[in-house]
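Data first, discussion second: the structure below is written as structure tokens.
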Amino acid sequence: MITKFQVAYKNLQRKRTRSLLTLVGIALSAWVLVSLLGFNQGYEKALNQDIDNMGFELMIMAKGCPYEAATLMLKGGTGLKYIGESIMEDIAKEPEVDKAFPMLMSAVFDPNKGQSGGIAGYFGVDAKSFSELKPSLKFRQGKWFTSTDTYEAVMGYEAAELEQREVGDMILMPEKNVEFKVVGILERTGTQDDGTIFVPLKTLQKIFNRPNELTTIGIKLKKGVDSARFEEKLYKLPDVQVVSLAQVKDTIMKLISTAKVMVLSIASIAILIAMVGVINTILMSVHERFQEIGILKTIGAMPWDIFKLIWIETLILCAIGGILGIGLALILSKVTGILIRYVMPYAPSGGLVLIDLRLVLVTMAAILCIGLLSGLYPAWKAGRIRPLEAIRSEVAR
Amino acid sequence: MNQNNISIEAVNLTKVYSRGSEKIRAVNDVSLRINRGDFISIIGPSGSGKTTLINLLGFLDNPTSGELRLGERAIFNHGKHLSERELTKIRREIYGYIFQNFYLIPTLTVMENVMLPLTFYMKPGTEDEAVKLLKLLGMEHRKDHLPGQISGGEMQRVAIARAMVNRPEILLADEPTGNLDTKRSGEIVEVLKGLNRSVGLTIIMVTHNPELARCAARMFEMRDGQISEIDRKSP
Amino acid sequence: MPISTKKWIRSAICTEIFLMLLFVLIGHRGAWGAVGCDLNDPDRDVARLFPESTGYKTHYVSVDRKGGQPLLTKIETRLGDKFHGIYETIDVPYTIYEIFANKKGIGYIHGVNQKGQFGGIQVFVVLDLEGRIRGFYIQKMTSRYAGKLRDANFGKQFIGLTIKDFDLYDVISGKASAKVEAIKNPVPEAETDFRAALRATKKNLILMDEFVYSAQ
């Protein structure tokens, strides 16, 4: 016996080009939907990872908007406002604070990077406290600086790779013409640390003539401490601004939600367009098979049988189109990630497009539901065809 | 007459169509009795109402008035109107249909076309009917071919097999040889005669062609919505 | 709105900008994979290095995919030196830019990474169809004297040379054939980087010979 599924499937092969084009429409909209949703997921995850990787909960910086600092920085040299180390010492004494981490960020202009030069950034840290801040940080080669004011450097995995450095090699800080010995190279972390060159805090302060000055203080609170309460306390400090990374995450998440809504709107439009394509294809097919459907009724098909037949055709188109589109999204997810990174000024490290099983199933379900909806009208129309009209629709006798 | 011998009986059957303000009596007060195992033909010019009549007799349409009985059952009477669903139920129990244009599904093979009715409705005991019918009609060797790969005469045989697969009591043939040449037409009528003889199938055939009409045991003529039986001059 | 809320909104926005800054300045690269040597801006750089070009095609090759260990051994023998360290490996991806003028191939651009005294040196050779150097470009170098070695006058000394000339150059001792011997180091203090640039050029030409010219 031949099943309704087989009849429906063979019917679709009647007009192969048309079926194929409809399939492509569905596949493309499925691809867009999965990629955009995957990007949403991936971006959120990567961002969370980056922020969590910072290791501390609160950040203290000098007051003043970084816009200005950014412009000065990009022109070379320093420009960020600085805070005194004494502030850190005071904060570290607070009962709520577990640890405080001093950080100094400086940059120089390197004219020998490419045609028009580029910025070289250096991160001054206290090795002991930094390794406590990020206990999961592992070394591929070597270890941290031997003391607090040596001319030694620890490089992130990718920074070392770019400079072809191994432990024992030297690096040169342009503009200042200071040499450092590479004493450690970190394992790949998938975070911003991979591209960072770490030097001892005191050394960097000396080179840039910023004794006892910092750009940032990271604060790790003791367990159970009310972060918001402590922040209020810190607000009283003059000339500094306090940022809670949890709140940063929140803000960025809120921005992402706005983006999410936009993304979903785009995806919905894509799906709507595909749906219209499906309805059109199936309607045309029903119209062309007007007589044939009428005859099916004379050989015993009930209106519900015809309805099912047409509905199954719609489902087959959507299922195949959906699978193709999702497959395409999976294959191209890496490429899509690279494209996004190329286009966006800021993208967190790690995979940007995250397509997991749950997303695949949800998308497939969505497409099938939409398929069912799209097929309703054509199937209903087909079910209502009367055999008499079908027979009469040829030359009248 | 023994009621069990009657296949279909029409009493004062009338069908009226509206065309704008005009009312057309396509079938006008037709009474007809067809017995079980009869092979009848209905002949008439275009517009005579023969197609409308066969549609009524085949439960493809509702009459405007009159009675229509199947065996002992009165299906239509006193202006009763059946839904498409109800009509389909009757049709698939009792009837098989073949048409001038064959109407085979082009994407299904010969075997699949014949088995298609079973997808929607299968009478008990008809699982192997398709194979038997193809053999009977000499189409077994073509069972894996598509309709586009066989001749017109072969297509009509397949259509007949499809119409017969659910063991109908009555076969309605609407211009079955309309698209065939003389030789093939003759072959098809012989097939119908064979089925009529071997399984006692009741056949109602509508045709333009007087020669073919004469192949049936009983002949009727339809004119302006009214029917009259023609005296058979030759067997 | 309470003062504390205003404050944290402002600080949150500023922090986001600050974080962006941090990542941008630290030279964060998002892409993964073994480090190859690409032109920073291929469209601009190809037009500059091959003024008569109308287009280019990018090919990616690596020694392990092209011929595996036997090919590596052959290259090392020709180079007169083994591949060193954790970055000069068999799976390093090489980018070959095939240059066209009106659909006709006219030459190639190819770069290699080389370990320099203070950082990675990216050496690009610009070749014609016979494998002759028609251009020499150091895209990146970290050195007090990088300016002199990246100067056009230094690069001019390489023009017209081929792999045949470099075949006799000993990367370890520095002994060379006449033509390579003629390449002068403008900054004696940067001898390490000068020798590194020559080794990079020789390696570059050998790879091009193996990947492209021998195959033709």
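Residue numbering begins at 1 within each chain, and the chains themselves are lettered A, B and C in the order written.
Assume contacts are C-beta pairs under 8 Å (C-beta built on N, C-alpha and C of every residue); 3 or more make two chains touch, one makes a residue touch a chain.
Because the structure is a prediction, the values reported are computed rather than measured.
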Chain centres computed over CA atoms; the one at greatest distance from chain B is chain C
Where's the contact count highest, between which chains? A-C
Whose C-alpha centre lies nearest the centre of all protein C-alpha atoms? A
Taking each chain's centre as its mean C-alpha position, how far apart are chain A and chain B in Å? 67
So, what's the distance in Å between the C-alpha centres of chain C and chain A? 31
Which integer distance in Å separates the CA centroid of chain B from that of chain C? 85
In the complex formed with chain A, which residues of chain B make contact? 46-47, 51, 55, 60-61, 84-85, 88-89, 91-92, 95, 97, 99, 101, 103, 105-108, 112, 115-122, 127, 162-163, 166, 174-175
Per the touch rule, the chain A residues reaching chain B in their complex are 1-4, 6-7, 10-11, 13-14, 291-292, 295-303, 305, 384, 386-388, 391, 394, 396-397
Partner chain A, residues of chain C touching it in the complex: 4, 7-31, 34-35, 40-41, 44-45, 85-88, 113-120, 139-144, 146-147, 150
Interface with chain C, chain A side, in the complex: residues 59, 61, 65-67, 69-70, 73, 105, 107, 110-115, 118-121, 123, 158-159, 161-166, 169-172, 174, 177, 179, 192, 194-197, 231-232, 235, 241-245, 247-248, 250-252, 338, 341, 345-347, 349, 352
